[in-house]
Amino acid sequence: MADPMRIRAQAAGDKTTVRVLMSHEMETGQRKDSAGKVIPAWFIQEVTATHNGKTVLTADWGPSISKNPFLQFVVKGAKAGDKIAITWVDNKGDKRTDEATVS
Amino acid sequence: MRTRTLIGLATLALCTGAQAQKSTADGIAEYRKMLEDGNPAELFEAKGEALWSQKRGPKNASLEKCDLGQGPGVVKGAFVTLPRYFPDTQRVQDLESRLVTCMATLQGFDAAEIAKTPFGRGEMANVTALATWIAASSRGMRFNLPQGNAAERESYEVGKRAFFYRGGTHDFSCASCHGEEGKRIRLQDLPNLTKNPGDGIGFAAWPAYRVSNGQMWSMQLRLNDCFRQQRFPYPGFGSEVTIALATYMGVNAKGAESIAPAIKRRRRCK
Amino acid sequence: MQTRREMLARSATVAGLLAAAGFLPTSALAAWPQAAFDAKTLADAVKALGGSAPVESKDVSITGPDIAENGAVVPLGCATTLPGVKRLLLLVEKNPNVLAAVFNVTDAIEANLSTRTKMGQSSNVFAVAMMGDGKVLYAAKEIKVTLGGCGG
Amino acid sequence: MKKLPLLAGGTLAAALLAGCATGPSPAEMDAKANQLIKSSFRDQGIAKTDRLAQDLGQSACSSDKAPDDATADKIMAEALVTVKWPAGGQFIGDWRTGERLAQDGRGMTWTDNSTDPKSNGGNCYNCHQIDKKEISYGTIGPSLWNYGKNRGITDPAAPATAPIVQYTWVKLWNSKAYSACSNMPRFGHKGLLDEQQLRDIMALLLDPKSPVNQ
């Protein structure tokens, strides 16, 4: 199973900045191993962010997002104690969801 | 030293059009600053923290009773006092070899088997994650390795000799690159590790996340790759020389602030 | 000083719980836009996403370093001050496939997102805003990827 | 150096564990360190543990103190006689190949497959500035920009330039001939680069047409 994400969600006024680190290889499918064999593509394709259960952002990613991806966005109206959840799904169908409380 | 104020990502969004011409050094400093917020080392920290309290291994036990030198279970402050002498094993141990001892005695893992595992795989990857979290728990603290025990003083003396030991096809020692002030390999600044090189530099920066390959590098792996580039044979994981070198660098770094786990941006030598 | 660790909001693992409760919003996602991610140019990628010809605009901004020491990790941001944006895109002109990310923006977030991308070489990068009224606006910036040294 | 009475092995260990103030002598520490260095490494690929065996030039330069003058002289004299001159007195090769070798830092590690010099680079830019167009250069060694020009070389084959040409060849073949504890690898002596590769690096430094001498 995939390793956990790190989600930081910090409120300032009526805005909450969310910073996410995801644990993923993000293999492009264009690299070769030492034996010259192509390493198959393996990358996060879809990312969803929710605020107290309501979807606020969806994203489609390609393999050129860096390994162990970083994502930052700002949620309007979120306040301390609210829940921010992030879900990713990769091209092999693996998925992972983690949740953080706004501080 | 550069005194120019670094621009954060958010501010940058407002003033892209008005950016003046910057020097290469300023440009690179700006790039480094951008990467500091959101160091993927945090992912390994989180993994290590979870592993510490998780019941695992043949004995289905956690590591919460592991003694890193500050008493059983005490994590904060341990990193900046390692390597040190441990009475139970009767040897000086660095963080990683001590973790393997705890995994063997508390959880029932085979220590020799872990030591043989390549970096980044299996239980060795878990040792690195644990070391990352334990290092992070001492972030901002200053190095202060104990030297009260004769074995600790001997470790320092062995480490010093290993640091200057020339060998291999190229006659290199650690000191060939890290024995003088203000030297570089290509564009890479080389810390002088025969003294305190400053806060967060050299010994005080590892474990570190390397953006070039997206890997978390522990001090044992850092030393391993130094020896590879020195054209030496392969140092055993947790071997006497690697621990003695860590003692030498750690004692020399007395007073330096730990920033580990750091983020390193360099490409590897080709 | 408080350590950065202590400031972090703890991200609890709730994958199983959310999935069991039927909260995983995967059904809300459209299929991954394969054709757009196969595109070799900015215009083709936008076209594959159903957009019209992109027009350069000062109301869209692209952020990133002037120089990236390591092309494996290049921080990029895209933003617009205009209301009514539906999608923000990030693209790297000289990558084998230009499109890096598509962000489907809602009113609940600001139209300002950042991530990190790989860059094989020095290149232009683009931020594109696909607007609700069908307009497609973009901004460009050049980023140099240095060869760097070794060690460290 | 302070001489302390020798302790038997068992007593030494006991004294250490007891935290006794009497430590081992520096010479005993040297012996102990050497033994621990030998036992800490293993063979991996082409990098075998015999690489830890030191010759005089390595062992005498393995501390923070320089060797005494007599030892240094001995190292330099022994190094000088190892130098093999190039076949046919041909010192100068192709500076383009030399530049490529100077850029290449590969070879002889445990992740390399062959010890054949043909698979090695010269590592030069890691430590030296050479062609000014390359901004990514190291500073462990001196700048070699205008190396030949600064020494007045207009024709490397002219008899008048022989001392400089020969000096440079010796420096590349076995740097210890001129500096007992030089940081520079002994490229010829240790078989890191072959004769033709050394000629090409000679050309990079000495050929008036080389970008180094513009």
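Residue numbering begins at 1 within each chain, and the chains themselves are lettered A, B, C and D in the order written.
The definition used in the following text is that contacts are C-beta pairs under 8 Å (C-beta built on N, C-alpha and C of every residue); 3 or more make two chains touch, one makes a residue touch a chain.
All of these numbers come straight from a predicted model, not from anything done at the bench.
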item	value
Chain ID, smallest distance between chain and overall C-alpha centroids	B
A-C against A-B, pair bridged by the larger set of C-beta contacts	A-C
Maximum centroid distance from chain C, chain identifier (CA atoms)	D
Intercentroid distance (Cα basis), chain D paired with chain C, Å	49
Cα-centroid distance, chain A relative to chain C, in whole angstrom	12
Approximate Å spacing (C-alpha centroids) for the pair chain A, chain B	27
Two or more partner chains touched - positions in chain C	8, 11, 72-73, 75, 77, 112, 114, 147-150
Residue list for chain A, restricted to those that touch at least two other chains	4-6, 66-67, 70, 72
Per-residue multi-chain contacts in chain D, two or more chains	105, 126, 136, 138
Residues on chain B engaged by chain D in the complex (per definition of touch)	90, 148-151, 153-154, 157-158, 160-162, 164-173, 175-177, 179-180, 182-188, 190, 194, 227-229, 231-236, 239-242, 244, 269-270
For the chain C and chain A complex, residues of the former touching the latter	7-15, 18-19, 23-26, 28-29, 32-33, 36-37, 72-75, 77, 92, 95-97, 99-110, 112-118
Of chain B, residues touching chain A in the complex	9, 37-38, 40, 42-43, 46-47, 50, 211, 214
Sites on chain D touched by chain B in the complex	15-20, 23-24, 29-30, 32-34, 36-37, 39-44, 47-49, 51-54, 57-59, 61-64, 105-106, 108-111, 123, 125-127, 135-140, 183, 185-186, 190-192
Interfacial residue positions of chain A with respect to chain B in the complex	3-6, 19, 21-23, 25, 66-68, 70, 72
